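Dumping the structure here so I can ask a few things about it.
Lettered A, B, C and D in written order, each chain numbered from 1.
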Amino acid sequence: MSRAVLRPGDSIDDLRERARRRLPRTAFGAIDGGGGDEITLRRNRTAFDDLLLRPRALRDVSTRDLSTTVLGDPVSMPLLVAPVGYARMAHRDAELAIVRAGARAGTVCGVSSFTSYPLEEIAAAAGGPLWYQLYPPATSDARKAILERVRAAGFRVLCVTIDAPTPGIRRRELRSRLQLPLRLTPRLLRECATRPGWLFDYARGGAGRGRQGLPPVVRTPGGTRTTPAANSVVTADVVAELRELWDGPIVLKGVMRAEECAELVSLGIDGIGVSNHGARQLDSVPATIEVLPEIVDSVAGRVEVFVDGGFRRGTDIAKALILGARAVLVGRPLLYGIAAGGEDGAAGALEMLRREIDSTFALLGATSLADLDSSLVRRAPTR
Amino acid sequence: MSRAVLRPGDSIDDLRERARRRLPRTAFGAIDGGGGDEITLRRNRTAFDDLLLRPRALRDVSTRDLSTTVLGDPVSMPLLVAPVGYARMAHRDAELAIVRAGARAGTVCGVSSFTSYPLEEIAAAAGGPLWYQLYPPATSDARKAILERVRAAGFRVLCVTIDAPTPGIRRRELRSRLQLPLRLTPRLLRECATRPGWLFDYARGGAGRGRQGLPPVVRTPGGTRTTPAANSVVTADVVAELRELWDGPIVLKGVMRAEECAELVSLGIDGIGVSNHGARQLDSVPATIEVLPEIVDSVAGRVEVFVDGGFRRGTDIAKALILGARAVLVGRPLLYGIAAGGEDGAAGALEMLRREIDSTFALLGATSLADLDSSLVRRAPTR
Amino acid sequence: MSRAVLRPGDSIDDLRERARRRLPRTAFGAIDGGGGDEITLRRNRTAFDDLLLRPRALRDVSTRDLSTTVLGDPVSMPLLVAPVGYARMAHRDAELAIVRAGARAGTVCGVSSFTSYPLEEIAAAAGGPLWYQLYPPATSDARKAILERVRAAGFRVLCVTIDAPTPGIRRRELRSRLQLPLRLTPRLLRECATRPGWLFDYARGGAGRGRQGLPPVVRTPGGTRTTPAANSVVTADVVAELRELWDGPIVLKGVMRAEECAELVSLGIDGIGVSNHGARQLDSVPATIEVLPEIVDSVAGRVEVFVDGGFRRGTDIAKALILGARAVLVGRPLLYGIAAGGEDGAAGALEMLRREIDSTFALLGATSLADLDSSLVRRAPTR
Amino acid sequence: MSRAVLRPGDSIDDLRERARRRLPRTAFGAIDGGGGDEITLRRNRTAFDDLLLRPRALRDVSTRDLSTTVLGDPVSMPLLVAPVGYARMAHRDAELAIVRAGARAGTVCGVSSFTSYPLEEIAAAAGGPLWYQLYPPATSDARKAILERVRAAGFRVLCVTIDAPTPGIRRRELRSRLQLPLRLTPRLLRECATRPGWLFDYARGGAGRGRQGLPPVVRTPGGTRTTPAANSVVTADVVAELRELWDGPIVLKGVMRAEECAELVSLGIDGIGVSNHGARQLDSVPATIEVLPEIVDSVAGRVEVFVDGGFRRGTDIAKALILGARAVLVGRPLLYGIAAGGEDGAAGALEMLRREIDSTFALLGATSLADLDSSLVRRAPTR
């Protein structure tokens, strides 16, 4: 249980603060930071304040049910685990801790292309359906090779990132000379002077891997090391090919324009991920919650619409659901969670959000997702 | 008189600051705090800044009359005392002090379900009409038992809270491990190191109750102890039953949606309380002053409309009256008042607000409530 | 000359800061403060930021002429001296210094009802046309007595304040227990510990008045002392009477509603003063620059429209002129000026503003008031 | 190369901070400051936040081409070097360093009327087409004399500043008693106590000029010294004369009103420079990016439209290009650059911006200027 990690009254911001105190600046900045001047990073948060909730009166909400399905898979709540890189910097158990926490929460987990454990090992640790997040490589052969391995490992859904043709300008990473896998440079060691716990954990290496020194933080399916700054140009042709190669559902992640959805849907995909890459790619783009409504309108129910970006509270998540998202994905909260307390911390983050979603439903006068409608939210005059 | 408590130039914010200095953090946080990240708590205040007053010229305002009636009861001004829990944490005399202050001010007082003195004792202390604030319990028997006791104690109006099916996530309370009745835990004693006055007052126990140690802060009519985090699901059936059981006026408190008023009115109630529970329940809902105009429109005079939430100044109150509220209820100002100076502090808070309302009327060119019309306020461009 | 008082690059804000350092807190607060929570005091300033200037290209602006007339009197620029009370607290020479500075600047001066020198003495010190600011007393006899004395002293214009039926709630004054005339209470003496210059100047008494101890700061025309918190109810009947009694122009000061202008004009007055009393009366009213355009529209040229409230820069003043004001009145800048350097300080403030207006005209592509039109300003999207 | 000057993750703001630390306050303020209260200086920056970028999906952006032409001259990117005065205060090599950096970047450079080196020397140092920025003097003879010299020196484009009939009120310059050429006054020497590097560099004099003590910072083409606060009244007649005298392209810089563009274009000019003079002239005017769209509309392609003012990031520049600017000019970034590291610093600033523009194009889904259209930007609700 996550009792030792979470304290009464904690919010995700508290977990973040605990992660900030535990991690060296380089690692925290890589997890926490965004692209450019972090305008969109802040906007992803503040945009929620322009949406006001409008609770309904006189409803019997004594029992609530948050469960739903995503792409056919049942989940205990409309909150999924986003694929995140960098997890090894936050905690030694990295993706293993995260997918175990996801399983405990009864939800679906995304797994990043940039992991510290082989994807088969992650898949084995998981207890529920997994999404594989793909940065499609440049050649068809490489794409096929990855998909085969991913399929063999048992992943259910292919989640194709389409917004990373070039890495975002992430100043925090650049300023700390981040290289992956992290090396214990003098700079990093200096930062660790006040973070001995992290250093010990990190230097101890991967769980049960014997003596391999510092394990590679990043290990692509093909086995080559690479930096997590992906360079992945995804055209319609690439998507069409992936559609042919992959039997299961495909989600395109990184959509921000409603007028493009018709074309995307026509490629035979199953889900659209409204995402600005956690505000880590192009800065000065809208918050995802700002564009969600027009994208939901445009998609008109033909595929499921997911959203991520700055979700930190039950009310944030409820707003997206009210606006038509099938489910919300959270990434950084899990990384803060494992930084603060490993698997228990991640499980605690999910549990905290579940309680907040449940409380929001009750106070909104809704007992299930079917009770949500657009009257429950109002765009507020900005102030 | 409240001379020793109030100083020239004081605002309610000054009283609040004095309460903050006098109370241990746990007690002050329980009184002062809100739900979630306190977005609505702040919005309840800042929303007033979007409404500008438009004074009339050339009116003879040498004499003003603030009196009116609420649900048939005459009051000296359109400002009522909201029912508030937690009062015992602010001052030993708790609700007794508050209702006495209300009587001195010639206004109506609400009494919370969560009081530190038996409701009969409070009723005996009061000098004017009282409202009983009810969290309807789950069973009809329990509801009937309460109403009988409330009626016997002489309460005039039943004020039914409909926005508390589950407690709000109040982080300040959770972080201080608030339990009611307050126990002198090591944590609380540490906080009291710089608040010996409060500790002495609190530890001394209830007035004239003999040796019962720490008196329960919360004592429901049925005599059972409970935490003040109510779990009260109120459906239309419950309201209909209450309507049958209670002869006097009924106010439904916690209304935030104009489109629901027709149904609420059809249940035979007498008043609607526009309220977001002092921003203590669902966070990220509108300020009450924002939704007041549409609710007044919707009600169209069929019942009286009351409002609470963030009112701290005469101009705040005048804005609500101009927008159609019958009267405004204030809660925290009374708690700050008793924390700062017991009954005199509470009376001082009411007197301060009366003077501010009176000054606002004079400067607006209005001599009574009949002079108010919608031309006196303008929605400002937000900045 | 004002060389010693002003420094290159100074703004009115710099003068204010110098006044703040020179005056005891009580005196500075009485000059600088506003009503209520000073929402309107701030708004009077920030509202200018919502108006953007739109300079014209290709104009020959090598020579500029700022002169105009106000109510028939020629002035060197469309900037007048507002009547201000409290001047004795800022500097021993008080109104004498201000009207002399006004004369040096070639403009018209208003003289408050609350002065430290007899109005005849002030009139004698002045070198140009004067406005007498009147809080009409409650009886017709008292009004007549004042007007006779004012006329005899040679005042040109009667400026009737209509927004002070009751004093505003000025917390800074109340908190410092301000009483006028100022007495050297222990509290004030404590404040003077770091302001010996002010104390010496103040204690020395009036210029050339012999031994009268602390001179009364406030001396009404009738000779009685009173606090500057006026209680002056002004109805249409009072204005009609004043119109009969006074031969010269009459300005009604304190107008904030466009829909009332037709009635005000019909009373036979000559000017309208758009004013919120320097934000010292009712708080939470609009900034004067916000309501100026609609009032100018409503007046439609039948009388001259003046405006005051928060003007501190040449661009502020140009905006009001573009929006249709005949001239702008400034009050506090003169008080800051005399606090910083007596008559030279006041003259410096006026000269600074003249240079700023002139620079604004040149950069706007305007050589005189005739060149101003509404295309030179645009309402900006607030941010 | 500029490796020593720039560090990974640097933004132009970092260069600015380095300049602030290296330069005495007088010099930095002269470079960094704006007119009046610097409202427009801030607005030039914050206005970008109201424009959100809308990336396109599924484009092949593996190769990008930023090249274009400006007034017929090919440039490697749509970013030009603005003419800037004061350069000698930032670095001894002043304009020489800047034009060399511009040549390295493959772009066009503007050269100010106020330079520390003879314009022929600057022209000789440059490696690409140059614009000569002209404050037209008051007499026709003087204008002809300048144009002859400018033509003889090989300048391609005449860039006529039309917004400086009188100097802006630049408080930072006035407060530091800035006089040009800078003299080593006691005040400046005091500021240099912590900036010995700058003092040594400055006192050493011009490159290879022998013993002339402090070189004049400002040297007009006619050889007379003057302060950089220009007084240049430019009428349509003056422009018409310049059009006759100058064979090459003419740009009018300082345009802020769309309704004037028809007249300006009719004078036979080739380009319009949307500019508020780096917010150094009239304060409280709009940001240039705010008025750019309406000016582009009004010009309707008849001449090229350029823009400057507050551009500090690749996204800022991309927004202007999307809104129809032919190219963006940056001035202060070059001054920060030479202050931080001479020619390499300036080259680094241009290189940094090129990389940011390129990254923005890639992430927007654009491979060249032809791919930009208005759908890529959206006006955001201000917050």
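Heads up, the rule we're going with is that a contact is a pair of C-beta atoms (placed from the backbone, for glycine too) under 8 Å apart; a residue touches a chain by one contact, two chains touch by 3 or more.
All values derive from a computational prediction rather than experimental measurement.
*Asks:* Check the residue numbers that chain A and chain D use where they touch, and answer same if over half are used by both copies, otherwise different.
*Replies:* Shared-number fraction below one half, so different.
*Asks:* From the centre of chain C, which chain's CA centre is farthest?
*Replies:* Chain A.
*Asks:* Given that chain B is a copy of chain C, what angle of rotation, in degrees and a multiple of 5, matches their CA positions?
*Replies:* Between chain B and chain C, the superposition angle is 90 degrees.
*Asks:* How many angstrom between the C-alpha centroids of chain B and chain A?
*Replies:* 42
*Asks:* For chain B versus chain D, what separation do you get between their C-alpha means, in angstrom?
*Replies:* Taking the mean C-alpha position of each chain, the two centres sit 60 Å apart.
*Asks:* Mind pulling the residue numbers of chain B that touch at least two other chains?
*Replies:* In chain B, residues 49, 382-383 touch at least two other chains, as defined above.
*Asks:* Could you draw the chains as nodes, link the ones that touch, and say if you get a line, ring, star, complete or other?
*Replies:* Topology of the interface graph: a ring, with each chain touching two neighbours.
*Asks:* Spell out the residues on chain A that touch chain D in their complex, using ranges where they run on.
*Replies:* My answer: residues 36-37, 39, 46, 50, 162-163, 165-166, 168-169, 171-175, 177, 233-236, 239, 252, 254-257, 259-260, 263-264, 281-286, 290, 382-383.
*Asks:* Going by the contact rule set out above, which residues of chain B touch chain C in the complex?
*Replies:* Chain B reaches chain C through residues 7-9, 11, 48-49, 51-62, 313-315, 319, 355-356, 359-360, 362-364, 375, 378, 380-383.
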